[in-house]
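Across the two complexes that follow, chain A remains constant while its partner is chain B and subsequently chain C.
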Partner chain A sequence: MPALLAAVLLALYLWVGSQTLDSIERARVNLDFILSATSRHVQLTVVSTVLVLLIAIPTGVLLTRSFARRISPPTIAVFNIGVAIPSIGLLALFSVVWDIGFWPAVLALVAYSALPVLRNTMVGLQQVDPTVIESARGMGMSKLGVLARIELPLAVPVILAGVRTALVINVGTAALATFINGGGLGEIIITGIGQNRQLVTVVGAVLTAVLALLIDYLAGLAEDFLRPRGL
Partner chain B sequence: MSEFISYLESHWDDLLELGIAHALVVAVSVAIATVIGVALGIATYRTERPRELVLAITGFFLTIPSLALFGLLISPLGLGWPPVAVALVMYALLPIVRNTVVGLREVDPAIVESAQGMGMGRARRLLRIELPLAWPVIMTGMRVSTVIVVGIAAIGAYVNGPGLGEDIFRGLRRIGNPETALNLVLGGLLGIVVLAILFDLVYVLLSRLTTSRGIR
Partner chain C sequence: MTIKIRLENLTKRFPGEREPAVDSLSMEIPEGEIVILVGPSGCGKTTTMKLINRLIEPTSGRIFLEDEDVTKVDPDGLRRRIGYVIQQIGLFPHMTIYENIATVPKLLGWNRAQISARVDELLTTIGMDPATYRSRYPKELSGGQRQRVGVARAMSADPDVMLMDEPFGAIDPITRDRLQNEFLRIQSEIKKTIVFVTHDIDEAIKMGDRIAILRDHSHIAQYDTPEAILVDPADDFVAEFIGRGAGLKRLNLSRVNDIEMSECATVQAGADRDEVRRALGETDRCVLVLDEQRRPRRWVNADHLELVGGRSLTEIGLPADAVVRPYSTLSDTLNEMLVADYATAIVVGDDGVYQGVIDIDTINEAVRGMRAAERSRLADRLGEGG
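Showing the complex of A and B:
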């Protein structure tokens, strides 16, 4: 995968190098602008994903504890409807009722991508064999000890799959942050579309796609690496 | 809140028109993706290498951010319906192919063997035995694809695609006038959620009507 992505970038570089750029194209297709847009894009993705982890995993743990057993089915039903909310609608809503810029974009990403992590945390914890939990309790482990040393480690593969999904959603949705002045690589794409400069559109689109594929690839590596031994 | 309700009352027909266009582009795209996806699933479910290749390629499509894909497609296809429909088909493929493969592989080999013993040829076994048994799983894939595609179609409005995304982008352009902007954005957003729920109901109905009676 990395070799393929590097080849795509090289081909893009050679193609752009063979074209003569006008002033609008030069304003977007230059290394400084591309690097700052990329780093903004990565910031949007990483900050929103970290916030999702901090919010969704503890919430998922709480919702699977025995005291919450009653409210978890209706909560899941609400989540299933939440999946239908379009990402661009959420970004637009945050910008209208709150503000434009980086943070509204980040929080819209968090709201949009929290569901897969939350759902996978709950599913991962619920599929742990109850007899395993019972034997741990019988050995004298506290409820918290069972959660930290038995349930969570056993749920890690499912939770990680959810985190990877959230990461891919975030890197894709971050391309839309530019619609509410949040920056990112989407800015290059919409300049190209808005000013009718195909070269700019293609450069922005290819860079965005390469970044998304790279992040998905890295998340896949991390997923294999972080999985507890013995599972 | 009452502002929004009176907005809905006065713009009811516009929203309905956009909603129908939105539903149409989604339905057409999922239908095309189903034909392609089921065909790919049938062609590859028995052989490991091609199957993995098809799943990798359709998974690759789903990883490409939608704005980037629209940007790449407007060079050859222009603005409007074509790039949006093509992109939506690409996004809808993975769940349908994956579920076709899973559904077909889950069919009990003993059943297929007895069909063979009864003298059914390869094509008839597929059409009369394997596909009907896999159909509920394939429908689930179509349902997942539809939810994904209903949301992405909203972004297609930026490249002049049809549907409720148009109101969301109009709202974004009028951000200086918060009241109008909020009405437009909320109208588009809620319209899309309602549409997703309606599609789900249609699938419930469709799966009742089209699932073979023996496995219902």
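Showing the complex of A and C:
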């Protein structure tokens, strides 16, 4: 996979090198700009995903505790709103009610991608064999101990699958952040479309795709690596 | 007889259920004995167990451990003092066998060296080589091995009391029998107070010092020694539960070391023919060939000696394969005899060393003895009743 992505980038580089660029193209398709746009894109993705983890996993844990059975459906409904609104609309909404720039974009991404992590956290915890939990309780482990040492480790594969989905959503949706001045690779694509420079559009689109595939690949590696042994 | 666990009018009514799952159960469990709860499916055996370690909180009633009322103490602390094997074993799939067994010692704050030594000791006790199995995961074990690890895990912190819910449930009869024997051997050394659930009356008779036969709602139909229950079932429910073949089942109650073994002629594997002839004497029976460690190898009689010329004693005659242990039941012993080539059971110790033999006459006598004892018991009862 990394080799394939490197080959794509190399091909892109050679193709761009073979073209003569005008001033608008040069303003966007140069290493400095590309690097800063990419790093912004990665920041948007990573920061929003980390926030999703911090919000959705604890919420998922809470909602699966027996005392929270009542508040579970309404909470999930709230998380559902984020997904129900089209991503571009969600970005617009955040820019209107709050501001434009990096943080509103991040929060829009969080709202958009929290549900898969929440849902997978809950499913992951619910599918843990109840007899395993019972034997742990029967040996005198506290509820918190069972959560930390039995339930969460056993739910890790399912939770990680949700995190991977959220990452992929975020890296894709972050391309839209530029509409509310959030930066990222979307900026290159938008310039290409707005100024009618196909070369710029192609560069932006290919870079976005390569980044998305790379992040998905890394997430896959992490999934294999973090899965508890013995399952 | 000290009472280890006392249940007082214990009742559990699950929310939304009309009938209580356990209804006003009172029971005393003596120290150092295996008490069996046996009864039809759904009669409340598992619920009763979980009430004892408070995995289920009783609706009413009280639980005493020794003389301490534990109905209201901290349940986590209580459970660390009580070994528990649940019906489905419930090993932690993401932890190694070592980590599984080390769970309670870790909770109790033992140091690493202590824990490590204890885990190895337990694995050895249950007949699993520590070097091989310590770092395996549960899915890499057979069903029988998992059951054993479940039992070892419950014994890890050396609790006085163990609750075992069908610990040998879902395994084949042969392995099950082996695990039962193994467990009885261990128990004869550790002498824990054990509450053991099964729905199999034969297992109850084999394992129990005392049996409580339960009907629905954990009502006690009869609570007594296996002998008393077999000889004198309290009512039709118990009689039906014991089923037919109570006579054969009684063979499950006596063990080899309860009856008198006989001696038989033995020779060393290296002995020459004349020695064997001398040992054989006038009889047409076999002599038992023992190896250097005095472990039984072959049965040899005069005919075998004639037929083969230069071969060694360990290659002629019949295999000495009906081997039983002092704690084997007479039922197992009889069975060994029936399937062996030479119908005499050889008793060996745990080290495999020859101790004596049991033949069909010995068992016959033992059964007669039991019958006589029963008759006099019944006569006594009739006498008392007037």
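Rule of thumb we're sticking to: the second predicted complex is superposed on the first by the 221 of 231 C-alpha atoms of A that agree within 3 Å, B and C clash if a C-alpha of one lies under 4 Å from a C-alpha of the other, contacts with A are read in each partner's own complex, and residues count from 1 in each chain.
Convention: contacts are C-beta pairs under 8 Å (C-beta built on N, C-alpha and C of every residue); 3 or more make two chains touch, one makes a residue touch a chain.
Only a predicted model underlies this, so the values are computations on that prediction, with no experimental measurement involved.
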item	value
Clash-or-fit label for the pair chain B, chain C on chain A	fit
Which superposed partner A:Ala7 touches (first chain B, second chain C, both, neither)	neither
First, second, both or neither for A:Asp129, with chain B first and chain C second	second
Dominant contact partner of chain A by residue count, chain C or chain B	B
First (chain B), second (chain C), both or neither touched by A:Ile88	first
Touched partner set for A:Gly192, first chain B, second chain C, both or neither	first
Partner chain(s) touched by A:Pro153 [first = chain B, second = chain C, both, neither]	second
Which superposed partner A:Val206 touches (first chain B, second chain C, both, neither)	first
Partner chain in contact with A:Ala77 - chain B first, chain C second, else both or neither	neither
A:Met139 touches, of chain B and chain C: first, second, both or neither?	second
Nearest-approach distance, in Å, of chain C Cα atoms to those of chain B in the combined model	26
Complex interface listing, chain B residues touching chain A	60, 63-72, 74-75, 147, 150-152, 154-155, 158-159, 165, 168-169, 171-172, 175, 178, 181-182, 185-186, 188-189, 192-193, 196-197
Contacting residues of chain C [partner chain A, same complex]	50, 53, 55, 76-81, 84, 86-96, 103-104, 107, 137-139, 153-154
List of chain A residues in touch with chain C within their complex	129, 131-132, 134-142, 145, 150, 153-154, 228-231
Complex interface listing, chain A residues touching chain B	81, 83-90, 92-93, 95-97, 100, 168, 171-173, 175-176, 179-180, 186, 189-190, 192-193, 198, 201-202, 204-206, 208-209, 212-213, 216
